[in-house]
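Scrolling down, you'll hit the structures one after another.
Next, two complexes with chain A in common: one pairs it with chain B, the other with chain C.
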Partner chain A sequence: MDDLLADFLTETSESLAELDVALVKLERAPDDSETLSLIFRLVHTIKGTCGFLGLPRLERVAHAAENVLGRVRDKVLPVTPDLVSTVLAALDRIKDIVAGLAATETEPAGDDATLIAALDAVAEGRAAGAAAAGIVAQPPEAAPEPAAEAAVAGQTIRVGVDVLEDLMTLVSELVLTRNQLLQLARSQENASFAVPLQRLSHITSDLQEGVMKTRMQPIGNAWNKLPRLVRDLARDLDKRIELVMLGAETELDRQVLELIKDPLTHMVRNSGDHGLEAPAERHAAGKPETGHISLNAFHEGGHIIIEIADDGRGLPVDRIRAKVVAKGLATEAELAGMSDMQIQRFIFRPGFSTAAAVTAVSGRGVGMDVVKTNIERIGGTIDLKSVPGHGTTFTIKIPLTLAIVSALIVEAGGERFAIPQISVVELVRAGGARQGQGDGAEPMIERIDGTPVLRLRDRLLPLVNLNDLLQLGGGTESAQDGSVHIVVAQVGASTLGIIVDRVFDTEEIVVKPVAPILRHITMFSGNTILGDGSVIMILDPNGIARATGIAGGSEARTAEAREAGRDAAGMATASHTAMLLFRAGGAEPRAVPLGLVARLEDIPQERIEFSAGQPVTQYRGRLMPLVPMAGALDMDKSRQSVLVFTDVDRALGRDRCMGLVVDEIVDVVEDQLRIELTGDRAGLLGTAVIAGNATDVIDIGYWLTQAFRDWFRGNERGGPLQGARLLVVEDSDFFRQLLVPALSAAGYDVTAVGDAAQALRLRDAGVMFDAVVSDIEMPDMGGLAFVADLRAGGGWAQLPVVALTGHAGAARIAAGREAGFTDYVQKFERDALLASLRQCLAARSDARLAA
Partner chain B sequence: MTEAVLDRAAAETQAAAQEKVFVTLTVADQLCGVPVLGVRDILGEQAITRIPLAPHEIAGSLNLRGRIVTAVDLRRRLCLPPPAQGAPRMSVVVEQGGELYAFLVDQVSEVMSLPASAFERNPPTLPQSWAAYSDGIYRLQGRLLVVLDVGRLLALSQDG
Partner chain C sequence: MTARSARLCLVVDDSRVVRKVARRILEAHGFAVEEAEDGRAALDACRRRLPGCVLLDWNMPVMNGIEFLKALRQEFGPDRPPVLFCTTENDISFIEQAIESGAQEYIMKPFDADILVGKFAQVGLL
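After this line comes the complex of A and B, so read on.
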């Protein structure tokens, strides 16, 4: 191809991409003269260049478009959606012609008379609407993608992508060779080449980084078509859609970028079409008429996370359920055992589409499964979370680059294998099946008709023995003590345990495709050379799952647990909380805030007596009821671990305690408390991720009432504070649930709200309280701002306000008092809170008396 | 090279134009040859990584200066008995379709120029396991050389 023409094509493609974005921007902000002149300049350049190159058809279209824009710039014409649509139609035509040019080097034949007439009409300010409608009816998707459009934008030199690819391959080889050299050098004492080798090593690393950088492109490059797409979509569907794009500058490998472009486009289109409701429907649901689609990209540990979220109607579980049954993908009985999230994941199955009607935009049922396949092909994962009425969020996790990945090296049957780190969830050491009942510290492999499964945190994990699967012929479960290593791998929504003999380190590997004569073995995704120079096969967990028939949506709870962790992150308090971890009635850990536990005791079996069928023990001169958390006491144990809870209130003459019997006290950890409320299991508040494990947080209130039915009844008579009205402002459901019963028990009349805004609404509505207890760390409006607002005026300006906080440093206390808090109390310090409240209220009533 | 020299003497002058050059190798005492132009490397004993589930003929893969080479055991490919325990094996590395493959053989000897006059088609009685991969036979002094077809040797059935 003629160099001039080639340059023109690349440049024009870039300009066109820029124009799309700029025009949509202009439509939203018609007065933006800077955008307007940018558009004018770009169109003018296209026109000028094609005149120079002798491309008459292109020139005529560009000229007509330029006319329209010229009149807009001269403020003769206002910017209207119709005008923008007509200009966009002209741009589409230019794109078509450019695509033809790229393919054949001559302008394709075609008639632009209608389009030019429409443009002229718009330029003269007449019959704009009708003319535009006629042109826009031609779907832009039908146009062939201009080949040159993928070219990199920017004010830099152009290098062929193949040159970069070659460079990358060479650097990968160099890295491997360097690794081999380093390994060799390690075995040589005081080798004279050690120092230059170090230098070589550094330079190689820098070079690798540099070359990787040349391949990196901002993800915004994959997004730049989306504003236009969303705009057209909104117009076609008569919806109001605003597209928010965050993290467009996040960079990733261009190869990955190319591969996720289409899935992303598809998903945004889906969100607009299926996810968001029509303005009327949104209005009826009490939502703003304009729906939002947000794209958010960010780095996270060697991966890129892309979130596509809409605030639409959410995935309709009922309709998916009906469709699943209708399509025979699962039976009613199977569905009954699934959570909503598992059912929603059916949208990733082939041939599934929930749109009641097939629209021009989407709903043909070839959507999400293709998206999922494409993403999995590049080693990524996709997950979704949907709240009915509040929208759907898709989360895509993809590797930064396909060239170098981190992999876990394992051994089975005397051979080493690499497992890509992205699919490894955790490593578990498990006892062998023949070992008998252990002490519960190690999960056990059990067998159903020879098929191994593992109880992992109260769930069954399907296991695959790598030795058997790959027919390695080694002894199974080879470790001497009968225990084995299990690599828990994530395959789509399911998890799978891979039994291996040994687990080595992780290593950065360069993935190389396997030879064509081995491609039929689906168990491997490639092979590579390790630092020691040996060749190693890379396992493909997807292939393994397929080979064993595990793939599918039946085992999605691990993903769900992770989801829960993410989910709750929004409502979690930022502070760390000391949690006591223990086990009771199962292998999975349970937790209780340490602040609630008075003491830990180890009570010998012989000191446990029974009173009216209930186990009790003499404890500090009194009888303490014991409540076994597992339901019954294990009489075989010589000592029982007991968590002692006390309720001492000298002022009220109350002093009692109860002991919660657990199997084993595991640990005390400081962690952020991220709770997902479930509320459906008696005695448990919900599940939190503590120290990296899904942990049940127990509901102390429930267990206390097991010992004393009236534990929370306000049985103290005539206390001076009887009936004092308290407002609790606390964003965490968990803490609210703890505080409310505890304060109610002390005789207060408690109202609890989830954020400062709700509290202020109560104030403005004239509701009166005697005191306020408020969290410090809250989203939107923090405790300090809240109290400042209270003190600034209104009915509550004089109220005592007690702050609850995770951190109570002197400086913070000073800042709190400065802002207007009456007192400062550590979270979970129940007694301290009650004492503080009593003090505050007493002072207040004294003050009132004095006044 | 003695054989080659003697052969050439016997084949007279016009053969020179039609000489072909082969790398000769031995597998289970049979002398074989592969065209020298297709050969990329000759390797001694190598560490070979087994590839589970691969076809029986695939011995595994090895690292040749940073490139991964798939090794095909020529004895298995030709349905010959396995070599004696501990016997050293050598590899002939060939390239096909941009990929490198190594044939594991018992011994690699010399490079020979062989005249067309010494070439014969496969005798019809040649066992099928050889005939399937042989292009023909060269008559050398005192022994026969089977010309192996690399392409057909690598056309492994995919059902392993």
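After this line comes the complex of A and C, so read on.
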């Protein structure tokens, strides 16, 4: 290709991308003279340039468009949607011609007379209606995307993408060679080349980082087309839509960028088409007629988070439910045991599409399942959060780059494998099934319906043995000492335990694609070469889950298995609570419910830093504030025992943690909790006799707010339900003490009573609430009888009632729903309770609006 | 003091394609060519080394052709270097402004070798 033509294609494609954005901006702010002159200049340049290359078609279209813009600039014409549409139609035509030009190096044949006539009509103020002239309807997707469009924009030096790719490959090879050298050097006595090798190692790392940087592009490059898309969508569907884009400058690898472009476009289109309501419907619902779609991108610990949110009607659970049953994806009985959120996740299932009719906009055969698959293919995750009447937020988490990733090296059956660090949640050692119960230190492997599961911090984790799965013929799931290594991996919204023989180090590995001959095996996502030169496979936890049928959408089954397991084991009954005992600031033991503690850590003193006077530590890629329970850190200790509390909500993009520093961790015991409340000591709930000793039970809510003043308040982001009145019915002083502050802090107006009889007296006295949270196991009148009484009549018959329970077996849930409970929440699951309340209250306010 | 090179032409245009076209023609006729993508960059180039002539587009970001021309004339005097002003049929009104601001000649875009060489000859550069 003539390099002049190549230059022209690149330059014009850049200008066109810029123009799409600028024109939509102009339509919204017609008086923005800066945008106007930018548009004028870009069109002017396109026209001015194509004259030099002898491109008459292009020149005539650009010229006619420039005429229109010139008259706008001279304030002869106002900016109207019709005018913008006509100019956009001209740009589409220019794109088509440019695409043809890129493919064949000559201007494609075509007739632009209608378009030019329409442009001239607009220019002369005879705004005959561009849409009426039929030009807007010209399908632009017929032409291939101009090849040059993806080129880097607005930079000083232009380098072909292939050059960068080659550099990346070379650097990858260099990293591998470096790793091999380092491995060799370790076994050598000769220290003379240790120093230059060290330097080589550093330089290689710097070089790797530098080359990665050249591949980084702002995510805004993938968003360029969206304003135009949303505008056309709004016009076609007769909706009013405003697109807000935040964090467009956030950078990520161009390879990743290319791969998420289509999923993002699809999701924005979906939000506009399905998510947002027509203006009349919005008006009727008391919302502003203009709907919003917002895109927000930001970095978070080696990943990039992209949120796509709309303020539309939310995902219709009833319609999804009907569709799921109609499509045979699940039975009514299975659905009955699921939360709304679990049902909403069905939209990620293959073949699912809720649009009643296939519109021109959405429903092109690809659905959210394709989006999910594409995102998972690049090692990302997607989650959703939807509140009826208030909108839906999708959260995508993807790695910054695909070329070099951090991976955990494990061994099974004598073979080594790499597991990408992004999907590793934690490593656990577990006792074999043969070992006796009550050993306490290591969790046990059990079997439910023949499937091995691990009881881990009050949850049942499905397990898969890598040896068996890959038929490696290695040892069984337990080694000689009866304990095994389990890699807990994140698979979508659930977790999966992978049993391996050995766990090695974490290594930076260069991802090489799987050879075509192995590509159908979804358990592998690639292969790599280790420092010692051996070639190993990279495991894909998503693929493993699919291969074993453990997850991959069957979250419901997992959840049921979990509950079934709980029932079978008869654990976590209301009367027994697992407590973590520790000492802090004194000899007497203290306790905290184990279910609230995410992890126990031993942090070396040198890793503790001070920020604004507060001790902090680097923890899993971010700063974790440390709160010393004794008031100050004992700086003489070489290691600090830390209880880690986390608050993770992917859908809200919330992921924070806090470490409570204690003197010593003593034990974990399960015992009855009878708390004698004292209430006058900050940070303590009261005293209970645990394992025969009087023990202070700490008020974790107090300590969390020591680290984050807004720990609880943050939960109500976008929560229009603040100030809702809640009644808490709970016989245990301990739970009341735990719940009331948490719920008040979340913005609710909370009243608490100790038994059902008191609650009924309030009802009969005519006191009104917005929702009731009730314990199930209570003396005298139990939760089931209480809710049955409420439903039987009286002022509270329609109130949402959320059940709090220690053990939520499927049978119990069914019985509870029968009796009239709206939802079931596990005790201690504060987030689940808040989410459930939000949903109940939102559903209720929607129902009221509809009435 | 700024050195002045008689056979150096500064081509000011925001389009790489146009700059390249001009460069090819001018280099074929014995000129050295320097490029600038807007008025600001062009003024900086002149301050470093004053060219023998300037081929100037008017519609550019940052500093347009007219603004550049006024600044150039104010800083380096009324006649030198000669400026050839590029325009299209859409903005004939600018020709008058350009001549008033100190341009010697104008050239309609798109130009080819004959037109460009002809105009250069008219102002005595060839």
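What we mean here is this: the second predicted complex is superposed on the first by the 511 of 851 C-alpha atoms of A that agree within 3 Å, B and C clash if a C-alpha of one lies under 4 Å from a C-alpha of the other, contacts with A are read in each partner's own complex, and residues count from 1 in each chain.
Note that a residue touches a chain if its C-beta (ideal position, glycine included) is under 8 Å from a C-beta of that chain, and two chains touch if they have at least 3 such contacts.
Since the model is a prediction, treat every value here as computed from it, not as a measurement.
**Student:** Taking the superposition on A as described, I'd like to know which of chain B and chain C A:Asn67 touches: first, second, both or neither.
**Tutor:** second
**Student:** Considering only the touch criterion stated at the top, classify A:Asp7 as touching first (chain B), second (chain C), both, or neither.
**Tutor:** So A:Asp7 only meets chain C here.
**Student:** For the three-chain arrangement built by superposition, which of chain B and chain C touches the greater number of chain A residues?
**Tutor:** B
**Student:** Taking the superposition as given, does A:Phe52 touch the first partner, chain B, the second, chain C, both, or neither?
**Tutor:** After superposing on A, A:Phe52 lies in contact with chain C but is clear of chain B.
**Student:** For A:Arg41, is the partner it touches chain B (first), chain C (second), both, or none of the two (neither)?
**Tutor:** The answer is second: A:Arg41 touches chain C but not chain B.
**Student:** Just checking: does A:Val195 make contact with chain B only, chain C only, both, or neither of them? Give me first, second, both or neither.
**Tutor:** neither
**Student:** Just to be sure I read the superposition right, which of the two partners does A:Ala336 touch: chain B = first, chain C = second, or both, or neither?
**Tutor:** Neither chain B nor chain C is touched by A:Ala336.
**Student:** Give one of first, second, both or neither to describe whether A:His520 is in contact with chain B, with chain C, with both, or with none.
**Tutor:** A:His520 sits against chain B, while chain C stays out of touch.
**Student:** Looking at the overlay, what does A:Ala811 touch: chain B (first), chain C (second), both, or neither?
**Tutor:** In the superposed model, A:Ala811 contacts neither chain B nor chain C.
**Student:** If you lay the two complexes on top of each other, which residues of chain A touch chain B in one and chain C in the other?
**Tutor:** none
**Student:** Hey, which residues of chain A end up touching chain C in the complex?
**Tutor:** By the definition above, chain A touches chain C via 4, 7-8, 11, 38, 40-41, 44-45, 47-49, 51-53, 63, 66-67, 70.
**Student:** Which part of chain C faces chain A closely enough to touch in the complex?
**Tutor:** So the residues of chain C in touch with chain A come to 14-18, 20-21, 57, 59-61, 88, 90, 109-111.
**Student:** Under the definition above, what is the set of chain A residues touching chain B in their complex?
**Tutor:** 173, 176-177, 413, 415, 470-472, 512, 514-518, 520-521, 523-524, 527-529, 533-537
**Student:** Can you list the residues on chain B that touch chain A in the complex?
**Tutor:** 47-55, 58, 60-63, 66, 68, 70, 97, 99, 101, 154, 156, 158-160
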